[in-house]
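Common to both upcoming complexes is subunit A, partnered first by subunit B, then by subunit C.
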Partner chain A sequence: MKILLVDDEQKFVNMLAKRLALRGIEADVAYTGEEALKKAESAVYDVAVLDIKMPGISGTQLKRKLFTLHPSLNFIFVTGHGAVEKSEADGSEKDIYLSKPLDIDFLIETVQELTQTR
Partner chain B sequence: MLKIFQDFLKRLWPEFYRHRTNVHLTSFYTFTNYRYLWFISISVLAATALAPICIATLIYYQLIETSVDSDLNHRTKQLTVAARSAVTFFMEERLNALTFTVNENGYEQLTSNTRLAEILKNLKLGFGGVTDLSVLDADGNQVAYAGPFNLEGKNYKNQSWFEQSLKQTNYISEVFTGYRDVPHIIITVRSAKPDGSSFILRATLDTERLMQTLSSYKTGDYADIFLVNHEGTLQTPSIHYGSIFTPTNLIFPAGSDESEVMEIILDGKSIISGHSSISRDLTSTPFTLMVLKEKAGMMKFWQDMSFKFNWIMGASVIVILIVITFASTFMVNKLYRADKAKAETMMQMEQSQQLASIGQLAAGVAHEINNPLAVINQTAGYMKDLFSFKDQARNDDEIVEYIDSILDAVDRCGTITRQLLGFVRQFDVKIKKVNLQKLISQVLSFHKKEAEYRRIHVTVSIPESFPELETDSSKFQQVLVNLINNAFQAVEEGNCLDIMASQLSPDTIELVIHDTGCGIPEENLKKIHEPFFSTKKNGSGTGLGLSITYGLVKKLGGRISVQSTEGVGTSFTIHLPVKINEGRKA
Partner chain C sequence: MNDALNNMNIESLKFFGKVNASISHELKNILAIISETAGFLNDLTELAKQGKELKLSLLENCSNSIAEEIQRGFTTIKQMNRFSHSVDAPVMDVDLLDILDLMIGLTGFLSFAGKVRIEDKDQKLETITTCPFLLQNLIYRILCFAYECAGPEGEIRLRLSPEKGKGILLTVLNSAQMPVEKFPDEKIKQTAELLGVEFKKNDSFYELNLLIPYVCDKIKELEKNQ
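Take a look at the complex of A and B:
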C-alpha cells in the first residue's frame, strides 16, 4: 500500500510520513499540487491525502487532476476547518473528510477501510 | 367586580410606571422618561382644554357682577327718587293747604276756636295726618287752639322752631316730642294781621302717616327706608340703625337736590345706600331720605344661579380630566410598547450580529490554530513513536508521560476549535420527523442515574395532541442535550427540572425547560449566548455550549429566550416551527 501526502505545512507531512513508515505504510510527500502531480506521473498510489487549502493548486483542483490520471485513486481530505462544505469538495460521496489535528491511528483505520472496500 | 376595578386601575395606571429599567435595553429606547412624557401630555392637554373654560368662567362672573352692581345701583336710585318725591309731596301738600287756609280765612276768623276746629276737621278729612292747629302771635303766645291736647295759653317764644317760623314765610321742623311726649312735626305759615304785625298758623303732623308713606316704598325684606336730620339723628325707625331719635353717622351736606347712590359696609354686610335731601322750592326741610338695600339679598338669585353653574363646570372639568388621563395613558402606553418592542428587537439584532462576527472571527482563528496544532500533534506523536518503536528510551516512562501530556493538551485544543467551528459551520440539514417525547426521554436517559442519585425531580409534560416535528433531528437533539445538561449543572440536590411543550399555533410549538436552580445573575444574562462566556471554574467548560445552542436554534428557524432570577431558577423558552422552513435548508 502506498500513500501520497500533500500539504503545504511541510513539518506536518514529514512527520506524518515518518510515523506512517514506522507503522509499515509507505508514504510519499509533496508540498505543492505541482509536485504531487509530478510524483503521481511516476508512481502509483492507493490513497491520496490532500490538504484542501493550499497555495497554487487547491486540494479540490488537485483531486480532479489526480482523478484523471488515476481513476482508481482514493481521496482523503484534511482541513483545519472542522468540516467542509460538500459543494466546496466537489460533492463525491465516497470522499472522506478529516479534520486537523489528525489522529494517526484513525487515519490508518480510514485508509485501510478505503482500500479494503475496493 | 373587584377584578373589573383592578382592570380599570391597570388601564388608568400606565404600564411604564411598573417598568423596571433593564440596563441592556435602555440605550435602545427612543424615549427615556415615560413618566415625564405622560405628565407633560396630561398637563398640556389639560391646560389647552381647561384654560378657555376658566377664562370664560372668569369673564362671565365679572360681567354678571358688573351688571348686577349697576342694576342694583340703578334700582336703588330709582327707589330713592320715588320715595323722595313722595315725602316731598307729603310735606308740600300740607304746607300748601295751610297757606291756603291762612290766606282764605285771615287772622280774625282763625282766632275763633270754633272756626279753627272746623278747619282742623276739614284738613283731617282732606289730607289726614294733621293732629292739631294753633294760632300764635308774634310774641309766641298761643291765641287759638284746636286739637286733642289742652295747650291753650302756652307761650312758645323760647322754642327754636318759633324763632325759625318768624324768620321764614313757612317752616317745617324736625321730628321732636315737645310738650306732648309724642313724636311729631310742626309746620308753620307766617302771615300778617290787619295791623301789620306777624302771626303764625301752626299745624302738627303725626309721624305715623309719614312712616306709612315711606314703608309703602319698601320692596322685599332687604330694603330699609327712613329719614335722618342734618345731625344724623333718626327721624323715623330704621331696620339697620334702630328706633327713632337714635344718633347715626349718616351726616350729609344739606341742600343738594341730587340723589346719590354709594356702596357701604354695615355690620360686615355689603349695602347699597341711596340718599337725597328733602327740599322744597322755598323752604328746605331738615330731612334726608335714606334708602338702604342689602346687596346679598339682592344678589341671591345670581348666587343661586352661579352655584348651579359652578356644579356643571366642576363636573365637566372632572370629566375632561378623566378623558385626558385615559387618552394620555393610552397613547403613552402604545408608544411605550412600540418602543419596548423596538428596543428588544434592536438588542436581539445587535446580539445576533455580535454572535455572527464573533463566530466568523472564531472560525478564522480556529483554522489558523488547527494547522500548528497538527504539526505539534504529529511531531509529538513522532517523538513518542521513536521511543516506542525504536527501543531508544522505551523504559523512560517520564519522557513518554510528558509527550502524552502534550498530546492531551493538543487534543483539548482540538476539541475547543472543533466546537468553535461547529458554531458557524454549515451542515446539510437532514430533515426528519421527530417525536419530541421520544427524543426527550432519550436525552434524559443519559441523566437517569444522576437524577436518581441527586434526587432531582424531572417532570416532562407534553400534550397528547402534540404534533410530530419536521426538523433537523441532530441539531434539535444537540439543543436538547445542551439545555438539559446546563439545567442539571445548575440545580442542586432535591430541586426540580420541568420540561413543558405546547403548540402555540398550527405552525409553531413552544418548549420550556425550567429549573429551580441557582439562576443567572442579571449582568450575565446578556452574555450567556456569547462564545467563551463561562462561569464554571478552572476551565471545566468551554463557554461554547449556549452560544452553539443559540446558533442551532436559529438554524432550526426558531428563537430562544431566557428568563432567570438569581437564586430562584431559570427558564429557557424555545419557539420552533412545526415544519422547518424549506428556505433555511442550506
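Take a look at the complex of A and C:
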C-alpha cells in the first residue's frame, strides 16, 4: 500500500510518514499541491491524504487534478478545522474527513477500509 | 448612518469569528505536530523495549521540535489575547506599528498569506486615537486584498510616514499588480469612513495609500459616549 501525504505543515507530514513507515506503510510527502501533482505523475498511490487549506492549489482543487490522473485513487481530507469544511471540499460522500490531531490507528484503519472496499 | 452601523456590527462579528477560527486552526496544527511527535517518541520507546537501538539524535530532534511548537503556540496565544483585548474599549490610543504587527501575525494563519514586512519598524510614531477593533478589521481586509493579488510567492511591504497634524500615511507596496479599480470595496470603504481614514489616489498598480488620522470627529463622538 502506498500513501501520498500532502500538507503545508511540513513537520506534521514528515512525522506522520515516519510513523506510517514504522507500521509498514509506505508514504510519500508533498508540501504543496504542485509538488503532489509532480509525485503523482511518476508514482501510483492507493490513498491521498490531503490538507484542505494550502497555499496555491487547495486540497479540493488538488483532489480534482489527482482524480483526473488516477481515477481509482482514494481520498482522505485532513484539516485543522472541524466538520464544517466538508461542504467546502466538494461535499462528495466518497471522501473521508479527519480532524487534526490524528489518531494514527484510526487513520490506518480508514485507509485499509478505503482500499479494501473500493 | 444607522444602517451603516448595523452592517458594521454584523461585519465586525463576522471578522471576530473569522479571526478566531483561523487561530483555532493554527492551534490545531500545532497540537497535531506535537501529537505526532509524541506518538513517534512512543513508537521509538516500544521499539527500544523490543531491543532495537534508540538513536539519541532522534530523541533530540523530537524534543527540539516539541519545544519549537510550544513556542509557536505561545506566540499564537499571545496574539489571540492581544486581539481579544482590542474590544475592551471602543476608543483607545494605539501604536499603529503594534496593530500592523498583530494583523500581520493573524493574517499569517490564512492559507493565501504571503510575506509581509514593515519598513523602518523601529521608528517612533505618535499614537493614534481610534477604535482599535475597527482599525484591525480595516488592516486585515487590506492585507487580505494585497495577499490575493500577490499570490503565495509575492511580497508586501508596509511603509509608515507621519503627516504632521493629520495622521500617519500607510503605504502598501505589493510585488504584484493590484486591481486598484476594485479598491476599496464597499466593506473597506464603510470601515474606513467610520475611522476617518482617507484613501489617497495614485497612478501605481503596485501601491495603496491611506491616511489614518490621529483622531477624527466620529471617533471623538464615540469617545464621548464611551
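Quick note on the criterion: the second predicted complex is superposed on the first by the 115 of 118 C-alpha atoms of A that agree within 3 Å, B and C clash if a C-alpha of one lies under 4 Å from a C-alpha of the other, contacts with A are read in each partner's own complex, and residues count from 1 in each chain.
Quick note on the criterion: a residue touches a chain if its C-beta (ideal position, glycine included) is under 8 Å from a C-beta of that chain, and two chains touch if they have at least 3 such contacts.
Source: prediction; values computed, not measured.
Superposition model on subunit A: subunit B and subunit C are shown in a clashing arrangement.
By the document's definition of touching, both partners, subunit B and subunit C, reach A:G80.
In the overlay built on the shared chain, the residue A:L102 is in contact with subunit B and with subunit C. Contacts of A:P71 after superposition: neither subunit B nor subunit C is touched. Contact with neither subunit B nor subunit C is seen for A:G24 once the two complexes are overlaid on the shared chain. Once chain A of one complex is fitted onto chain A of the other, the partner contacts of A:F12 extend to both subunit B and subunit C. Stretch 384-392 is the one of subunit B that runs into subunit C, the other listed stretches 6-14, 222-230, 384-392 or 420-428 having no clashing C-alpha atoms. Touched by subunit B in one complex and by subunit C in the other are residues 9, 11-12, 15-16, 18-19, 22, 80-81, 99-102, 104 of subunit A.
The touching residues of subunit A, when paired with subunit C in their complex, are 8-9, 11-12, 15-16, 18-19, 22, 53-56, 58, 79-81, 99-102, 104. Against subunit A, in their complex, subunit B makes its touches with residues 363, 366-371, 373-379, 381-382, 385, 389, 410-411, 413-414, 417-418, 421-422, 425-428. Remark: subunit C residues 21, 24-29, 31-37, 39-40, 43, 47, 65, 69, 111-113, 151-152 touch subunit A in the complex.
Across the complex, subunit A meets subunit B through its residues 9, 11-12, 15-16, 18-19, 22, 80-83, 85-86, 99-102, 104.
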